[in-house]
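Shared chain: subunit A. Partners: subunit B in the first complex, subunit C in the second.
Showing the complex of A and B:
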């Protein structure tokens, strides 16, 4: 042990030190919920449900971005891919029954997986910087979404929408929340425990050392984009569930908001640092801010301004905390 | 007899990077149960050879055979499977993963690593910490233990002892040497001749990408190794030697332009003191990584020293930013020319850039004055600018001239040249050295590091030799021939003195 054994009055246990950011983000979420109840005493089950519905697509966009950013890359196709899968699902599910809708959902997931792999292979094989490739691809996918559905339309069976919109277990536990937890855990927990997950962090942390450690860097990078495609497709399906229709421009908001969410959630844009839990809470915080403004009677368009300020403040405070620990 | 058939046999290996030939024809034969040294001066091709053996680079030609079977090693993972493991100068550990996660990443068993670590005398490493929080020597030993735990047939150690204290070095050799009994071999790359002669069974010497000899480095064989590393002195250099200006030591005023006192930075630059007088060219001779990089960074204001003083014209200074150093008259010509130049911009703009603050009037650049000063600098340096607007289209030699020209136009008192002739043809090299002499004759002070030791007597008045972050020797340039410098740079003179 070399770290922090100097005469500090209190050295927090290693778990707290290492996951300090995540704990902080959850504390911030709790604080904003308490604040919300304070300014709006009737805040209840219905509001919780609309919060979860609003946060679900953003959280999934953040999950998609997290995987790629951890590997040291960036994926600007997350939003447009969500739009493609959203309109595709809405167009195919119109007038279908629940069983067919589930089948369509699976096909859409496979398509998202393929689209992500396609993005990844271009990044790896073209050797063009990932930000350029995914920026270009974001126009391609944005165009594809418009080709599938020119204007908002389509639909989905009610049972399928209720997968996110109902509150099956208890009025306080919306399905959207359960869906999010189940889906993210199903992908992330097995990955995090595997050597592949380590390789993901490794190539984001130090690509040369990872290569020297025998990690197949191109393959892992491609895999990161593939997983991003899967999460984006789930996000697109979530949009279909929560809105009940398909909209070709629905995704454009989610690319950069997703990046903002993961930054707030403690994922380093330089790669290799962060996790999945932080961004999930961050998605709820960023969804709660515009709602709070409505409760306060402030023009909700200020929401974007406040979101920006919150992100800069949180990242600054986090950076200062890290600096202090290093100098201690 | 089968005992002596080689475990690893490399023959005729070649590798080039564009116009630069890193390996011409390298041969290496390692017997089972042998500690084999790989030696050579800077740029002889050692690192390239290691990278080819560990699958980081693909060779252009030649073969690698393990236990008599020819293998193509396409990736580090494949090298590992073939039984070749290496420990690099920079430990290959992922900073954001814990020690345990790093071991899992390479599929190494933690108990085996713990056993090797305790043999290396490092049993107190906590496997739960992030590797970024471990000090460099622990990282290095951890990397070594991880390599040992994989029980490779051939273990490659690239300069592993460079950052280790002496007691740990002995321990490393102790542990590594025990592999001999199992018929496993070690390839040891080091600049430290003394270590090689004590610990290694045989040594292969590379020069200019070619194997020039295999020696048994018993006591007293150091001279032979140095001779092999040097090779026949190039006639070209000897000719230039004849044209050399007589040794001077400053302008005779005896005042110092630049004085460095007990400078220390990081673990590499320990305690360095020297002076440079006006009109003097002081050479810095050192092997890779002996603190010269840190020294130049401190002098150019790129990094702050941990301790010690830098005095310019007798006044103590503290550089927070390269701007401060430039302001004090200390300007840097780096080895990587692209570090100093704006590749996409024109020669004129590049030369004018450091001038800008002096050329502006009411915030606008006085283009006429800019053009005049740039033209003077270009003419003086004979930069070939025919139809080549962008700096990136110039040859390496001309690029280096531009990076000197910009300071000529801007004006300076002390020129810090860090390996200015790396990868430059002999003709341009001579022009640069002639220019250095001219500048000194005009009263400038010049501190010159070059990785080509043979060039030091051509341009310098005095030489300081760095080894392990300290000045181990100061010589007048007329006695500083290449073999003397190479000896001193290997720490041999220091040992004789200590």
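Showing the complex of A and C:
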């Protein structure tokens, strides 16, 4: 035991101990930004903007996945749901004005919410493992996206696109970044402090104990999927803003990339551990890697390899750390 | 049992929609398309029995097929061995990460899937000078027929199936897979070297994926960078429909075989119905969901 030792080992402050992983992710983000500036001295406002534009949909996909994974589940419909909302918005917004576009965006959000609730109720009522349900539903939502728009098309008013694409405040602060922070904070901060937020973590870490302390486990699980649907819908709208069109296959990339992002961001796939801050930084890191490779003159295809290696190393280190803590 | 009836029912539906559709030739094409899926799902079954999952099976199959095809000019045997080596290597790394470093299987294999796909793209751009071509005997293996209607790939799939089914039921290794899936901690306390079993298991899964990739390349008679990528989710679906628990510890490969056949027949029913692609996808997902739900109910009732 520690008490028996003469020389006490260095114990970092509580804040660092509790948020070590998140601090590490932000340090990694900072380091990769410094590295980027070092290899590409003209890295400036424009590059920051394209980084934010690239990271926005991934960060929202990660947010959607985080809510469900914290509750001890997994949601493989995030990508297809983003595609559904993306094509729905792009199809409805074609030739519309800004005010109508905002109204459509609200309707799309409600639909995303309903779609998430639908997923969640199937998970709860069928009693089939969530990975299987959401796997099957990913085919269904993928088909729905193709029904709405057969091939890439549609459009959105320029003002609506500029919600993400412009830099209104200062050339160094892209709207996409502000949008991300505002949207995630508006949903997550009130949730985190509420009973629902507590219940989310509780059912993620121990479902039986949560049930025994009076948490309505099925309801909370269903709400987790509902929230995931909302974030996925915001992600789909973000895709409409950043690309200006709707594409039925746009989402396929985001399901598994979202999972990779949250793991890098310190969310445990076993549930109950992690937060929203880490995944946000992780989305930026994973978007920055391919850009850096282009600056270095390396084939961007290596980007996938390096992303994969980063993820593999991170989970191995994480696994080892857990092992050491268990044996200590 | 229930599953086989379901398969017969689907075949019946097929015959009812298009009388005269079920012929020896229909049998041939069904098995031709089910064989790669079935072999790919074999690896998935093995890892799912231990409570794991392998999201890299489809990418490994693609990589194995592509590397085989792009090295065909060095000689057929060498090309095939190179392809299989890809599978073993990726499986070994997956196993090391999961068994030794205790990484979660889902994310470990997802990371390796990215590494394999990205690496393959880079390889295709820098190392491949000739047009990839599938060796003749691999094409025969994937698409040939003997005795009029028996596909050659069945002659490979059937022995693999027998080895896995017997191996799972009758050998110590097979029983250990169930035991680990049921309770890994108890296995460790009982003296089982769990990490060794896991390592071998993921390596086997990699090898089976590579074999499936070669068969698929033979069936289609070409190998491109996206060859097997749509097969990932169907392998999971085949295993789950086949009754193997996604949490590990129960299930068997014979169920997976029927699962793979059901998915293949389902696909041809949907094709015969002339349903547009989106509707096909929606029905496919809905039916997988219904089957899984029905299965969970049946299991929890008994």
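The rule is simple: the second predicted complex is superposed on the first by the 308 of 328 C-alpha atoms of A that agree within 3 Å, B and C clash if a C-alpha of one lies under 4 Å from a C-alpha of the other, contacts with A are read in each partner's own complex, and residues count from 1 in each chain.
To be clear about the criterion, a residue touches a chain if its C-beta (ideal position, glycine included) is under 8 Å from a C-beta of that chain, and two chains touch if they have at least 3 such contacts.
Computed from a prediction, not measured in an experiment: that's the story for all the values here.
Clashing of subunit B with subunit C is the outcome of superposition onto subunit A. In the superposed model, A:210 lies in contact with subunit B only, and not with subunit C.
When the two complexes are overlaid on their common chain A, residue A:269 makes contact with subunit C while staying clear of subunit B. Touch criterion met: A:304 reaches subunit C, while subunit B stays clear of it.
Touch criterion met: A:143 reaches subunit C, while subunit B stays clear of it. Contacts of A:158 after superposition on the shared chain: neither subunit B nor subunit C is touched. Counted by residues of subunit A touched, the larger count belongs to C, out of subunit B and subunit C. Of the two partner chains placed by superposition, only subunit C is touched by A:129; subunit B is not. Once chain A of one complex is fitted onto chain A of the other, the partner contacts of A:37 are absent, as it touches neither subunit B nor subunit C. Common to the subunit B and subunit C contact sets on subunit A is no residue at all. The part of subunit C that touches subunit A in the complex is made up of residues 53, 55, 93, 97, 101-104, 106-108, 110-119, 121-122, 125-126, 233, 236-237, 240, 246-247, 277-282, 284-286, 288-289, 292-293, 296-297, 300. The touching residues of subunit A, when paired with subunit B in their complex, are 1-3, 14, 18, 195, 198-199, 201-202, 204-206, 208-216, 272-273.
Contact residues of subunit A toward subunit C in the complex are 74, 122, 126-129, 131-133, 135-140, 142-147, 150, 256, 259-260, 263, 269-270, 299, 301-312, 315-316, 318-320, 322-323. Subunit B contributes residues 54, 56, 75-77, 80, 86, 88, 90-97, 101-102, 104-107, 126, 128-130, 133-135, 138 to its touches with subunit A in the complex.
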